[in-house]
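There are two complexes below, and they share chain A, which is joined by chain B in the first and by chain C in the second.
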Partner chain A sequence: MAIITGKKWLKFMCLSLAIIASIWILTMSEATAQSTFPSKTITYVIPTSPGGGFDTFSRMLIPYLRKYLPGNPNIIIKNAPGGEWKIGINKMYRAKPDGHTIGILNMPANALPQVLGEAKYDLRKATWLGNIDDVTYVTALSLKSKYKTLEELKNAPMVTSGTVGLASTAGLGTVLAAERMGIKMKYIPHSGSTEAILAGIRGDVDWVQYPFSTLKKSIVDSKDLIPVWVYSKKRIDQIPNVPTIAELGYPDLVNVVKMLRPVAAPPGLPDDIRRTWQDAFWKATNDPEFQKKQIAANASPLPMKQQELDDMVEAAIKLLEQYKEVILKHRK
Partner chain B sequence: MKRILTIWLTASLALLVCAQLNIIESRAEGPKVEVVSPVKMDKKAETTIKGQGFQPGQEVNLLFTAKDGIESDIGYALDPAPKADQSGNWSTTWKCGRFIARKMVLEGKSYKIAVTDGDYNPIAHTFVLFSK
Partner chain C sequence: MYEAALPALMVLLAWPAPLYLVLGTLLGLLFGILPGLGGPQVLALLLPITYGMDTNLAIVLLVGAMSSIAFGGSIPAILINTPGTPQSAATCFDGFPLAQQGKAGMAIGAAATASCLGAIFGAVILTILLPVGRYVVLAFSYPEYFMLALMGLSVIAVVSKGSLWKGLIAACLGLILSTIGYDPVTGSVRYTFGSDYLWDGIRLVPAFIGLFAIGEAIDLFLGRGKIAQSPYTGRIGGIFKGIKAVFHHFGLFIRCSVIGTLVGIIPGVGGAVTNFLAYGHAAQASKNQEGFGKGDIRGVIAPEAANDSKDGGALVPTLLFGIPGSLEMAVFLGAMIVLGLEPGPRMMLDRPEVVLVLIYTLVAGNILVAIIGIFGAGVLVRLTYVPAALLAPVIFTLGLMGAYLTHELLADVIIALIFGVLAFAMKRFDFSRIAVVIALVLGGLAQKTFHQTLLLSGYKGFFIRPISLGLFIITIAMIAFPYVRSRLRSRGEKRP
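Take a look at the complex of A and B:
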């Protein structure tokens, strides 16, 4: 190998050092970028299968989260169904708290495993980022049911209800509402809301209780089921003749039978990243275009801030602790 | 001293060039993924996805882009979880009926399936056709 000498050697040395320095600078700048947020693809965990309400509204929200997060990062959905939501919640809760993993929850229902001592998470410690909407539930009776009114239901020897399980707000809300109103209820488990509603239409069960958006087709369009009351403070415009549960004498049930769709990050999220997320979430959920899409899908937008989110979690846990014995009785 | 430095710098540059060539080569003949056949518009539909040219033992994620343009990790619906064998090949069955049942894909349209690493960095991609 020929040895380079003199000026040529100096030129070679300078060029080589410049190349090495450039590579070093590039490496360092990448390392610096990784210490900022967001620096990679964000994972949005959904503890249910694709196409349900939680998945649908999350998919609707993601472009707006991207719009308001710095650098418009890529956000991918990770569906993690099963384990009565616990699989998905644990994926979010146990992820590295760097802002790159968040997850949607179902409140108050997701507080149930915690209240029963079956959860490996503490929702009070999660970092709450925002809320998507407030879901209004409706109780509907089968056209083939013997019972048509609240009084008839209260006097019935046994009312059958199509539910998916106590892990769902629909199932939990049915148990709590029936208990509060003194209705003797037998719960017939179904694999999903579609199957439970079909059971109501066929007359296999008397009662179904689901979000208005889920029941709309059956109670407004085809009228296969009879809506008897709604769990809200005011009546629903599309079914103006249906009373609220408050009008029927149970105003407390408005806060019991409801569902929120909040989004959280793991505990210990650094303050600067938490603020970035909460700001982006607030802007996204208040975006008029996003809210227009929500309303078109029969949802009620309900953006929430830090204190409201913390209060919501605390209220959910207290509510379920209050009904713990009732819930345990129905789980047996 | 001058001689040692010269040899060291020459060797460093040679290594860098080799590394770059290696990257370029691996990109040119990189991993490939394919969907074995079009998917029928059936609520219980499933299809086989195969990969080749991966690092032996490499675990990958599959991302599906539905009609709304949102990418989702379909790992929960894959059996077995895609992991390259000693030859760098893997094969998995995707239960994709849920996307059909919930009208998240349209008949006659093709949708992207991306193969990524654990941090969702893309490695390869293909398209899957949903046919009648």
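Take a look at the complex of A and C:
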């Protein structure tokens, strides 16, 4: 065997050191956990890239969560985008159930992988902590679209819509609404809601359906898109002339086309920690200052308690099971 | 909007705004230099600090950080062939060969000058173009996006001159890699082997780290000596030569700034594409292409001018439609909402001073970082004279850490290692890594927009729109031009 000497030895040592250092850094985050809560920095997982509603409202909420948690612990955000939310949800779901890892979800869309049997998580088992807001969807038509009313849309040979895949809540809502109302629709997928909305402004697609907070600048401020109806029980103050979907004869769609932004912890969170979290979450989401900020950003606050959260998860799974065939047909 | 010009300038000059500008810029520079970290991360880090801060000061801090990212990313691209951010990948192609020739100072000087002037150009265009920006944004639809991607791909013909076949093989490899993952248009999942990670395909950051940093580290280990082949003289020259080079090639600089601004304005194309388009333009439009990829200063000026002028362009859709033109802008939009601002069409009417503070900071941050770059170059360049045995492990470690840091996924580290070995093999057997990179970046965009065009209007969709058809003709002309010219030249030589 050759003896390693001189410069070669130096190279060898440097390489080994580098490898050891890398491994050390990679394992560092697996620090030992203690049973008390909160005893260290809390990780808040967001399964999307920075920017966008889930990220923005989470960042808005975090100072208030800190305020109401005992000992005002540090909370850091981990953006874990990818795999249509599955990477981020798994990161939260598989973390140690000690209250130091929580994550935001997109409901009902995140129940879809579970209903289709593609998920490695069971939302019924997760520990639900609270909800941030209730997202109201608006359907808007392009200024250049040939169709202006519900009747025209129903009689149209083909309506084109701009979506972000069918696994997003917005995409699902479009499919379900079109199916229910009997509108023949062609879906043009985009890689982000902004691209889809822009396609509507350009006139490449007729129909876009997004949260009011997302569409507000295009339908109220610049009037690049025409709002035709909103999916809520009562009209939205900023667009008083736009009817609700219930007024147009589809009250059932109000509960189908909507989105919630709940936050959950891994399954098996000890009861005392769960109560601490739920209590803090309830207080934070009811904080008048936080709600004022939400409303300023055109969101509708909707704090939730244990029972409502459980019902919400159950309702989401039931809804998607009901429409499973329709969704599979469009997914190919 | 213009009547707020002076008050907004006062905001930027009044204490403590300059302090925030410097802090933001330095932090952005650091995040730009470190591979794996970039604009989205620095903004996310700074965001909690801005809670309760005066809106204008918060904007100065955030935009200051954003403005220095691109140039920060170019420093390691030039010195150690490792782009700090995907936006600086094209700077490697000629920046690193220059460093190998001992001309790193010249490359940094040129990069700093081109970045700084490019950003000013972008900001000026932004201010002038805002009234008509709307038409530019709306003129580009799916077929135009596709043609832009095609134009970028045509660059491969120029950059892989050694052997056309090897270039094509490398490009095909890049294209195949770009098809991995979930295709939102057809709804199919390809080559993921049941892993959730691969649903998003090959992520650019770990792939670039592998192709450049890890590949380079392996190569340094096996080779001997230092990055710079020339002996260290103790004096770093050439910085001013680099600055002068930008003015010497001022036409090229302007054209690339226009490319950068335009691509910035078009939402959805993205910063990672801009620098390749500009590089490709420089390589294709120049008379003597032989030097490209071997250390031509024009290959540094072009991508640098483009990747800084694009920031000004990216603000056009952000301010007009509230639609971000790049990923940084998307995060920045979120930051503005948290600050209590409502980005979008109303902002220019309601808070014109904020818009102007934003533009001024973008310019000021770029000027500041260019000065830091020019004066700091002397120290930085010494890095290329560090013995390989010491430098390689550092590059290796930093690269793997960077791959891990972006999303904290071990899979990213594995991807970086696989691409590192791939890069080393490609270098050994003389395949073009540039071709892989370009195909990997543009493949996804080309594929998506191709499908969208077909869905909406079929094959004729590519040719019935004037801009799309125009871009197609330009692409064909760019591919054909070198052959036609060499044919004409040889005919001219035959004639007595």
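Just so we're on the same page, the second predicted complex is superposed on the first by the 298 of 332 C-alpha atoms of A that agree within 3 Å, B and C clash if a C-alpha of one lies under 4 Å from a C-alpha of the other, contacts with A are read in each partner's own complex, and residues count from 1 in each chain.
As a working rule, a contact is a pair of C-beta atoms (placed from the backbone, for glycine too) under 8 Å apart; a residue touches a chain by one contact, two chains touch by 3 or more.
Computed from a prediction, not measured in an experiment: that's the story for all the values here.
With both structures placed on the common chain, the touch criterion links A:Leu328 to neither chain B nor chain C. Within the superposed three-chain model, A:Asp204 lies in touch with chain C and out of touch with chain B [touch as defined at top]. Judged by the touch definition given at the top, the superposed model places A:Gly83 against chain C, while chain B stays out of reach. When the two structures are aligned on the shared chain, A:Ile295 is found in touch with neither chain B nor chain C.
In the superposed model, A:Thr41 makes contact with chain B only, not with chain C. In the superposition on chain A, A:Gly51 contacts both chain B and chain C. In the superposed model, more residues of chain A are touched by C than by the other of chain B and chain C. Applying the stated contact rule after C-alpha superposition, one finds that A:Ser222 touches chain C and leaves chain B untouched.
Where the contact sets of chain A with chain B and with chain C meet, they give residues 49-52, 59, 62-63, 77-82.
Against chain C, the residues of chain A that register as touching in their complex are 7, 10-11, 14-15, 17-18, 21-22, 25-26, 29, 49-52, 55-56, 59-60, 62-63, 77-84, 86-87, 90, 120, 160, 164-166, 186, 188-192, 194-195, 197-199, 201-202, 204-205, 217-218, 221-222, 224, 293, 296-297, 330-332. Touching chain A in their complex are the following residues of chain B: 2-3, 5-7, 9-10, 12-13, 16, 63, 66, 68, 70-77, 98-99, 101-104, 119-121. On the side of chain A, the complex with chain B involves touching residues 1, 3-4, 9, 12-13, 16, 19-20, 23, 40-41, 43, 49-52, 59, 62-63, 74, 76-82.
For chain C in complex with chain A, the touching residues are 40, 43-44, 47-48, 51, 137-138, 141-142, 182, 184-188, 196-197, 199-200, 221, 267-268, 317, 320-324, 327, 330-334, 337-338, 340, 342-346, 389-390, 392-394, 396-397, 400-401, 404, 407-410, 413, 448, 452, 455-456.
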